[in-house]
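The structures come next, written out as C-alpha cells.
Across the two complexes that follow, chain A remains constant while its partner is chain B and subsequently chain C.
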Partner chain A sequence: MSEIERILDVRHLKTDFFLENGPVTAVNDVSFHVNKGETFGLIGESGSGKSVTLRSILRLLRKPGKVVGGQIIYKERDLCRLSEQEMRGIRGREIGMIFQEPMTTLNPVQTIGSQIMESFKKSMTKEEKEKRAVELMQLVGIPSAEERLRSYAHQFSGGMRQRAMIAIALASEPSLLLADEPTTALDVTIQDQIIRLLRKLQRDLGMSMILVTHDLGVASEICDRIAVMYGGRIMEQAPAEEIFTHPKHPYTYDLMRSVPSMERKGSELYSIEGTPPSLDNMPAGCPFAPRCELADDRCREDAPELTSVNGEEEHIARCWHIDRLIEQAKYLKV
Partner chain B sequence: MADETVLDVRHLSKTFPVSRNIGQVIRREPQQYVRAVEDVSFTIHRGETLGLVGESGCGKSTLSRTIMRLYKPDEGMILFSDYGNLALAQGRQLRKARQRIQMVFQDPYSSLNPKMTVRQMFYEEMSVHHLCTRSEFENRAKEIMSLVGMPADALDRYPSAFSGGQRQRLCIARALIMKPELLIADEPVSALDMSIQAQIINLLDRLRRDMNLTMIFISHGLRVVQYISDHVMVMYLGRIVEMGTTQEIFEHPAHPYTRILTLAAPEIGASHLDEDKPVIRGETPSPIQLPSGCPFHPRCPWAQDICRSVDPELRESPSGHAVRCHYPLAKDVEFVAKDPLDKPLPQN
Partner chain C sequence: MDEFTYILKRILQMIPVLLIVTLAIFFGMRMIPGDPALLLVGNRASDETIAAMRAKLGLDQPLITQYLLFLRSCLTFDFGNSLTLKAPVTELFRQKAVVTVSLTLMTILFAVLISVPLGYYAGLHHDQPAGAVINSISLVFVSVPEFLIGLLLLLVFALKLHWFPVGDWGHTLPEHIRSLILPSLTGALMTSSLVMRNISDNVVKVLSYDYVDFARSKGLSEKRIRNSYILRNVMIPAVTLLAMRMTYMLAGSIVIESVFALPGIGQMMLNAILSRDYSLVQATVYLFAIIVLVMNLLTDISYSLLDPRVKLK
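Moving on to the complex of A and B:
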C-alpha cells in the first residue's frame, strides 16, 4: 500500500430510487476515495446526486432509495455488506455526519448537553461525560459552555445550532466526517466562522472530511480535492487548485464563468441555458450535452467515460472534447 | 430626465412590540420594542439599482415591506414618484401607488398560487386594479411572457409545470405586467441553482436597461449585489452603516462591518483560507437590547473605548459615500456630519 492511507474508497456506486413508474438512477457509477486527513468536496446542483451519495455511504437512504451496485470500502470493510447491527457501530461513531438544517436535525426536547453525551462510552461517569461535553462545546466555540449544556436547540441561534451539531458529530471522535451543506443556511459572517472552525478541527484532529456543497467559493476555501457532479455522475475530479485554475470539463468551466464578479460588471453574465436534466428523463449521451456549447452528435448519442487529462492520474474528466477545452482555456481567463 | 428621483426615504423608522406573557403583564414589566428599521434615509434615481446588504435580522426585508406600506411606519417619510408621501397615504392614493411598486420574492415555489394558471394569476392582478380590458390583457400577457423568455403557451399551465428558474421568471413577469416604477427584488436568486442564478440575474439586468426600471435588490450574496447594483446600502441592526456607489463600497469600504462582509464571502481560487484576514466575532446581538455606543462594537476587531460609549452619527463624504463609524477605514476620504434638514421637500 502506498504511503497515503485511504480511509474511504467508493467504487462504482450506483443508487436507484424505485418509484411507481420504475427505477430512476440518482447516483450512477460514482467512484472516489478520501485520504486520511484530507477534505474531499462534492459539488453540484440540486438533483445532481451529491447528497444521495453521502447518504448512501452511511446507508441512511430512505425508501424507495437503495444502493444497487458498487462497493464502499471503509477501513478494508465494505459498508454495503455489513449487517445493520455492525453498521450502527460505525454510523455516528467512526463516521460522523452534519446536516444543512440544524433545527430539524437536533432533538427539540433533549438538552444540547445530553445529545452530545449520548455517544460517549458507557463506562464514563456522569462527571467525566459533562466535563468532556463542555470541552467539546468550547472546542467548537460555544460561549459559556457550562450553562449552555442544559439549553435546548430552540434557545440557540442558527450559527450556534450548527456548532452544537458539529460538537455532537465530534463527540465520538470520528475518523471521517460527512458534511452536507453545513453552511448553506447561515449568514456570510457565520459561514466564514464555521468554515474556519471545520478547517481548524480537521487539521487538529487529523480527521478526514467529505463536504457536499453547491457553493464554489466554500469548496475552494476548504477542499483539497474536488469532484463535480451532474445528473448523478462525476463529471470532473481534480485537486482543488487544479480544478479552479484549469477546469477541463465544459460544465465546470461554465459554472465558474457564470459567477458574478466586479470584473464582469457591465458585460452580460455568462449563463448556462436550460435546466438540469430530471432523473427520470436522462439524455441518452452525455447528461450535459443539451446545455453544452461544445456538444456535437457524438455527445448526444454516446456517453463519454472518465478519462485522465494530460495523462495526469489525479485529474479526470468525462468529456469527448477535453482537448478542445484545453485549447480554449489558454485563451480565456476564468 | 436622468436625475429624476423615484424614491426618497427620509428618517424612516419601524418598531415592533415584543409580545409579553401574562406574567409580565401582571408584573407590569415595561413593553419592549424591536427596532427593525431605525432612521433610514436614502434616495433612488430612475433607472438605478440599489443593492441592500446585511445579515438576517438586519431589517432589510422590513424596510422593503415598509416602503410598500405592508407595514405602517412609526416615523419618517416615503416620497414615491408622483404619489406623495406613502407613509401617510390611505385608500385610493395608496392603492394607486402600490400598483407602481412590485415585489419579487425569494422562494418561487411558495409565491405562486398552485391552483391558478399563469393567465388567471395575471388577469386577477390586472383586473383588481382595473388596468385593462380582456382583449388588451391578452396582448399584454403575451408581450410580458416573451419579455421574460417564456413561451406564450405557458399562460395556460399551472405553476407545478415549471422548474424553479421558470417560476422565478413568472414571478418577475407578474411584477412587470403592472408596469411598476419600482421593483423590489427580495433575494430573488438565493433559492435557485447556480446555473440558473446567472440566467435570472441577466434577465433582471436586461429588463432594467430596456425598461429603465428602478430596482431595490436585496441579497446576502455580495457578489451578486456587486454585479448588479449602482449603489449599495449596508444595514446592521436596522440602521444604515454604510452607503455609497458599488465601487466605493467594494473597493474602499469605510465601515469595519462592510470590510469584514466583503472579506467573509468565500472566493473561488482563493485556495485555502487566508488565516490572517480579520474575522468577525460572535453573532448579531438581540435587536431588543442593543449594546451601548456603536451597536457593532462587540464584534468589531478595531473597536476603541469611544465606540463602547458613544453611538456614531452617519457622516458623509463630498461624493455621497456615507458611513456610521468613529474610525472609518477609508483614510483618505473626509467624512462630515450630515445636516438632517439640508433637502427641501418637493412641492405638491
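Moving on to the complex of A and C:
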C-alpha cells in the first residue's frame, strides 16, 4: 500500500471559534489523508464541522475562526506554517475549491469569461486566454460557450452557474479540489448531472477531491473513502463500500437507517431523535451519547478514541460498543 | 433600441412634471403677500406711480394671461428681464450657475474623497473600535444642520486662522477654488456620512458572500479581490446614492451660499424671492427643475451601466 501517494495529510486538526464567551471548538482532533486521484468524502449533519475542516485546509476561515492545532501536510509542506504570500501560491494552482451556493459564489458584476480568465498566467495573450476559457466551459458542459463567455451569473440557470463555478475553479488546474456541498442548492436531476460531471472531471484530469456533503446518496456515488463527522470529530472512517455495507458506529448506522430505501418501503422512516450538540455545550463523554440507543454511563462520562475495527487498518470507529455494533450491522440493508 | 425607447419615454414623462412645477411656482409666488411694483417704487409712492409700474411689469393683466406668457417663455427659454436686477434672466442664471455647479462638483469630490476610504475601512473593521468610532462620528455629521457646521468652519478657518476668505468669490480661478473649499466641505460632510454608512454596510454584506472567499480560493491577489470583487460591488449602490445626493446639494446650495456669501443661484433665488422678483424666481425654479430631472435620468442610466443586472426598460 506504500506506493499510493498521499497528496494531503491532515493530522490532529483543531479549529476554534473565538466567541465573546470564550473559544468553542468546531473541529476537534481531526486526522485523515487523501490519496492521489481519489475522492474522499466528509459526511455529517449541519454543524458537524465538515465545512470548517475544508475552509481550514485552504485557510479561508472567517473570523472569529482560527486553526489552533495540528498539521495540514500538502505535498510535504505544512500549510499551517506557510506565509499568506506562500499560501496564495497554493490556492487555486494547487488546491481549488467550489462552494454550495452558486448564486452568491459568482461575482455578479463580472462576466463568467473574465472570472475564468483572471486565473490564467499573465503571459498568455487575450486570444489564448479566450480559447482556453471556451475549452474549460465546454469541458464542464456549458453549451454555446463562446457566447456565454460574455454572460453574467444572473443570466445562467442554477445548474449552469454551478458548472461555471467548476470551470472557474479548474482554470488554474488544481491537483486537489475541495467541494463544499456542491449539489445541495440544486434540483435533484441537476444534482445528478453535477455529480457525474465531477466524477468524470476527476478521472479525466487525475484530480484528487474532498467532497463535503450531508447527502449519503451523493457520497456513495462518488467517494472512494469516507469519514463521518459528528460534533467536530470523526466518528468513523472507512472505504466507501465498507462503510455503506458494514457501518460500525451507532451514528453511521442511524444515518444509514434515516435514508429511504426500496427494501424498507412501507415501513416508517427512521429518524435520529434529538439534535446535534451545540459547539459551546459539548457533552463530556462521547458527543453522540445523548442521542445514542446504546449509550451507557461510560459513554456519557468518557470519550472513546478512534480504534480500528476487526483489526483492519482502513476501518476505524470511535465507540465503546464496536463489538455490539458489528452484531447489529448484520441486519442493515443498504 | 430598448435603451433609446426608455430614454425617450423618460423625457416625455418630464413634460407633466414640469407643467406642475410651473403651476406651483407661478401661483405660489403670487400667494405670498407683497407686491413687486410696490417694492420697486417704495412705500411713499402715489397710487398712480404704483399703477404705472404694475402696468409696466405686466402685472395689471389677468392672471391667466400672465401664466400663459410664462409658459411661452418656458418653451422659448427667453424669460425677459429680471424685475429688480434689470438684466436678462437667462444671462443671470448662466452667470450664477457657474458658481453653483462648481460648488456642487467640488462638494461631490470632497464627499467621495472622504466617504470611500473611510467607509471601506469602517466596513472592514466593523467589529472593532476603529469602525465603531468612524460610524459614530458620521452619525454626528448626519444630525448636525449644515448651516451650523458651515458657521463653525467659517469661524475657525476663515475668521480666526485666515486660511480662507470670508465671502469673497474672487476674480481668478485659484481664488474661486479657494473660496469654494469651506462651503464644499460643509456640504460634503453630511453626504459623506450617509455614503460612508452605505459603503461600510455594503462592505460587511459583500464580505459575507462566498464570492470573496471564492476569489481568495483562486489565489487572486488582495488588490484584485479588493478592486474587482469588493469595491465594484460596493460602489454600485454608493454611486446611486451620491447621484441622488447631488440633487439635494443643488437645493441645499441656498443655505450654503447664504452662509458663505457665494454669488450662486441659491443666493440669487433667495434675494429674488425676498424682492418678489416674479420673473427671476419663476425662471430659476423652472430651470432648476429641468436640471434635477435630467440628473435623475442620468443617475438611472449610470446605474444600468455599472450593474449588468439592471436593464433600462
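Going forward, the second predicted complex is superposed on the first by the 325 of 334 C-alpha atoms of A that agree within 3 Å, B and C clash if a C-alpha of one lies under 4 Å from a C-alpha of the other, contacts with A are read in each partner's own complex, and residues count from 1 in each chain.
Criterion: a contact is a pair of C-beta atoms (placed from the backbone, for glycine too) under 8 Å apart; a residue touches a chain by one contact, two chains touch by 3 or more.
Small disclaimer: the values here were computed from a predicted structure and weren't measured.
Of the two partner chains placed around the shared chain by superposition, neither chain B nor chain C is touched by A:9.
In the overlay built on the shared chain, the residue A:63 is in contact with chain C alone; chain B does not reach it. Number of chain A residues touched is higher for B, counting chain B against chain C.
In the superposition on chain A, A:172 contacts chain C only, with no contact to chain B. With both structures placed on the common chain, the touch criterion links A:106 to chain C but leaves chain B unconnected. After overlaying the two complexes on the shared chain, residue contacts for A:93 are found with chain C alone; chain B is out of touch. Every residue of chain B that touches chain A in the complex is listed here, in rising order: 55-56, 163, 165-166, 193-199, 201-202, 205-206, 220, 222-224, 226-228, 246, 250, 260-261, 263-273, 279-280, 282-283.
Remark: chain C residues 127, 209-211, 213-221, 224, 228-229, 232-233, 236, 306-309 touch chain A in the complex. Interface residues of chain A, counted against chain B in their complex, comprise 45-46, 143, 157-160, 187-193, 195-196, 199, 214-218, 220-222, 240-241, 244-245, 254-256, 258-262, 264-265, 268-273, 275-276, 291, 334. Partner chain C is touched in their complex by these residues of chain A: 55, 58, 60, 62-63, 88-93, 96-97, 99-101, 104-111, 118-119, 152, 154, 165, 168-169, 171-172, 178.
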